[in-house]
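Report on the following structure.
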Amino acid sequence: MTASGVVKRVGSPLLFGVAFLGVWELIVMAFDIAPFTLPAPSAIWSAFIERFDQVLEETLVTGKNALIGFLLGIVFGVLMSLLTVRFVGVESLLTPLAVAVNAIPIVVIVPILNNMLFGTTSQVPRRLMVMLIVFFVVFINVSKGLRQVSATHLELMRSYAATPWEILLKVRAPNAVGYLFTAMRIAAPLAVITAFVAEYFGGVQSGLATGVRNSLNGSKDVTWAYVIGASVLGLTFYLVSSGLERLHGGKQNSG
Amino acid sequence: MTETSEPIDVTRAVEVIGASMVFNDGTPARVAALNDVDLVVETGDFVSLIGPSGCGKSTLLRLIANLLDPTAGDVRVNGKPAAQARLDQDYGMAFQKSGLFEWRTAAKNIELPLELKGWDKRLRAERVGEMLDLVKLPDRGSNMPWELSGGQQQRIAIARALASHPPLLLMDEPFGALDEMTREHMQSELLQICAATHTTVVFVTHSIPEAVYLSDRVVVMSAGPGRITDTIDVELGGTRNEDTREKDAFYGKITEVREALRGSEMTGEARGIEDR
Amino acid sequence: MRVGLAERALRRTALLLAALGLAAVAWEVYKAIGPEQGGDIFGWRIIPKTNDRVMPHVWEMFAEFGRPAIGSGDQQVWSVLLGYSWFTLRMAFAGLALGAAIGVGLAVLMARLRIVERGLLPYLVISQTIPLIALAPQVTVIRGTLGLPQWTSAATLAAFLSFFPITVSTLRGLQSVPKASLELMDSYAAGWWTTLVKVRFPSAVPYMIPGFKLAATASVIGVIVTEITLGGLRGVGFATIDYSQKVTSQPASVYAAVFAAAALGLIMFGLVVLSESFVMRKRSRETT
């Protein structure tokens, strides 16, 4: 990329961001808006610095829930899609279910999980919720990757008299790896968002959403301090997973 | 340039004078698509542009259509600057992929240029009916493009290009995606349509028989940089029809064009750049 | 072609029902053999309790719809939930409409001006990686200051969630018009807006539909989560929380509320699918 290309790619977003914060700050100043209504960016920043330790603590709680649920979801998603590619019956039962689950606001089952699992003293319901969401994303994508292999490759393998197991290992699985990374990129921010939303449904008094919730009646700069925590967490998940995806893609292109 | 058809009109349909086209100038990806090209197309002529990939034949067509502006030189259509000719809708255009809009019926596709020109609804319907008759698809107007065969789609695209009766038709490998049988059939149809409507045609192709069969003149181009290396007059005498393809004169012209193309290949270093 | 589609939909529905049936059987089997008070694995409390209070029988869940609802006089659960659902659905619609207006507007703006696309798109992507619902308290305060009715908070947050898939899919659609189509419009000397209306939008439709599907689901989620976060909005989301707090008296009510929420999501999704088959009715199957 040329130097002017870099300036264009980084410059315009930077310009937009600075302009946005500037206008926000100016509006708050010009109309003398109380921090209870809308805090200025500068006020948010100082609230964030002031409460840094507390925000960090809640961020780690939510982050841990998201991460554990994320990893479990991947493991189960991959296992299930491997299973369904071998057993067609399972696939035809699970796929319509996965499509339906995608269309419904499945987070509403958090209260049930809370009740089932002593939610008031445990982070487990939240992690299970994250796991469930990630599971479906991974399952749908990896199944697609295992299934959408080139017909030529399959015919070739058949001409080698390869067993289904060998076909899975040599053709289907390598094809599905890219899909897995894509699924991870899609699911990573969802994991954070789900972990966060699950906290709203009650349960243990910890995590970012609890922080936001407790600031409901207070000054909004505290709310925003937690929003910063949530943003950093979500972005981290996204950047790491999309970085992994790109790393894998790059390796495939050069190899 | 040779003067072939009788000069009925003093105004030339197309006049390209010293046109050059350079893409990505000043970067490592610089491509000289056309270098100092002169081309005259007399009114009523059928002229084909033929040459290897990267010879700039499609670029030349786009200069005439004013879809691209030459980096140097001048392009005049019907005696006007190309940009004005585009605004005045002095030409119609057809592409390799029929480019029909899949959300419009065949009739609605033909109607589009008339709609954009602000024609009255009744007049539009009338003209669409005429055009459907012209391309021999009178009862296909209400069909969606995907319900038509490849050849039928291309006929609708030609009808669309001719809907506003432009004096000039620009075609970019319009039959390139058709099978050989359909292709030969469409070529004859095109000749009939052009004879009936007195349309001047500039036709880009890389099929030698197609160029010879259709054209009054075949303009041979070569790559690296794109330029015109030869112009071959095709006089086959009388009306062309399917029998023309069997005549010795036809084969003779094919050989002539092929040799001109080989010669241009020798002189020009093939650069393997796509010509669009 | 119609028949084929209907057949496939029917088959899918049958399979879905079969899957749900199997899940119900698994539920009852676990309830019969699982520990009443749950249990631990490796110190994690992940063995669910099976007593009637948290795992009612499947038939209890359905019977619940006909029982009087807690805290609603002698009104039955189904009619209370119907009222809640209607409330939530309206807010979701408002949110989806707002999200669609913003989403399509932004896409057009970005398609028109490269600088806006370059400057804004990264932020839109970032905005989807963070729980925007965290802004609920902020949104509700501003709503209060502007004197807007309470439901507009939920609609705004639903719009926050639903605009993005619409923006991205619309932008992609507007930008993936075949080059020949654009050249054709150029050859007609048609302006940008004419090209937008006559070519870019129609050819973007197949791209926009998946975006709207995601957005429809997102709008329901946005409203439900807002109800849970803010309180005061008595919709389906509120019902799940409310009933789960009164779980001792009527445990199956929570499940009834969850079914209602699921139905809402499916209804919204179904509406988009219906409008898809209407909009795409004349297009070839290959283009979809």
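Residue numbering begins at 1 within each chain, and the chains themselves are lettered A, B and C in the order written.
The definition used in the following text is that contacts are C-beta pairs under 8 Å (C-beta built on N, C-alpha and C of every residue); 3 or more make two chains touch, one makes a residue touch a chain.
Note that the structure is predicted; figures quoted are calculated from it, not measured.
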Maximum inter-chain contact count - chain pair: A-C
Farthest chain relative to chain A (centres taken as mean CA coordinates): B
Whole-Å gap between the CA centroids of chain B and chain C: 51
Centroid distance [mean C-alpha coordinates] between chain C and chain A, Å: 17
Contacting residues of chain B [partner chain C, same complex]: 62, 65-67, 86-87, 89, 91-93, 95-97, 99, 101-105, 112-113, 116-117, 144-147, 170
Interface residues, chain C side, partner chain B - complex: 178, 180-181, 183-184, 186-190, 194, 198-199, 202-203, 205, 282-284, 286-287
Chain C-facing residues of chain A, complex: 8-9, 12-13, 15-17, 36-38, 92-97, 99-100, 102-109, 111-112, 114-118, 121-122, 124, 128, 188-189, 192-193, 196-197, 200-202, 208-209, 212-213, 215-216, 220, 223-224, 226-227, 230-231, 233-235, 237-238
Interface residues, chain C side, partner chain A - complex: 12-13, 15-16, 18-20, 22, 38, 44-46, 48-49, 53-55, 115, 118-120, 122-123, 126, 128-131, 133-138, 141-142, 145, 213, 216-217, 220-221, 224-225, 228-230, 236-237, 240-241, 243-244, 247, 251, 254-255, 257-258, 261-262, 264-266, 268-269
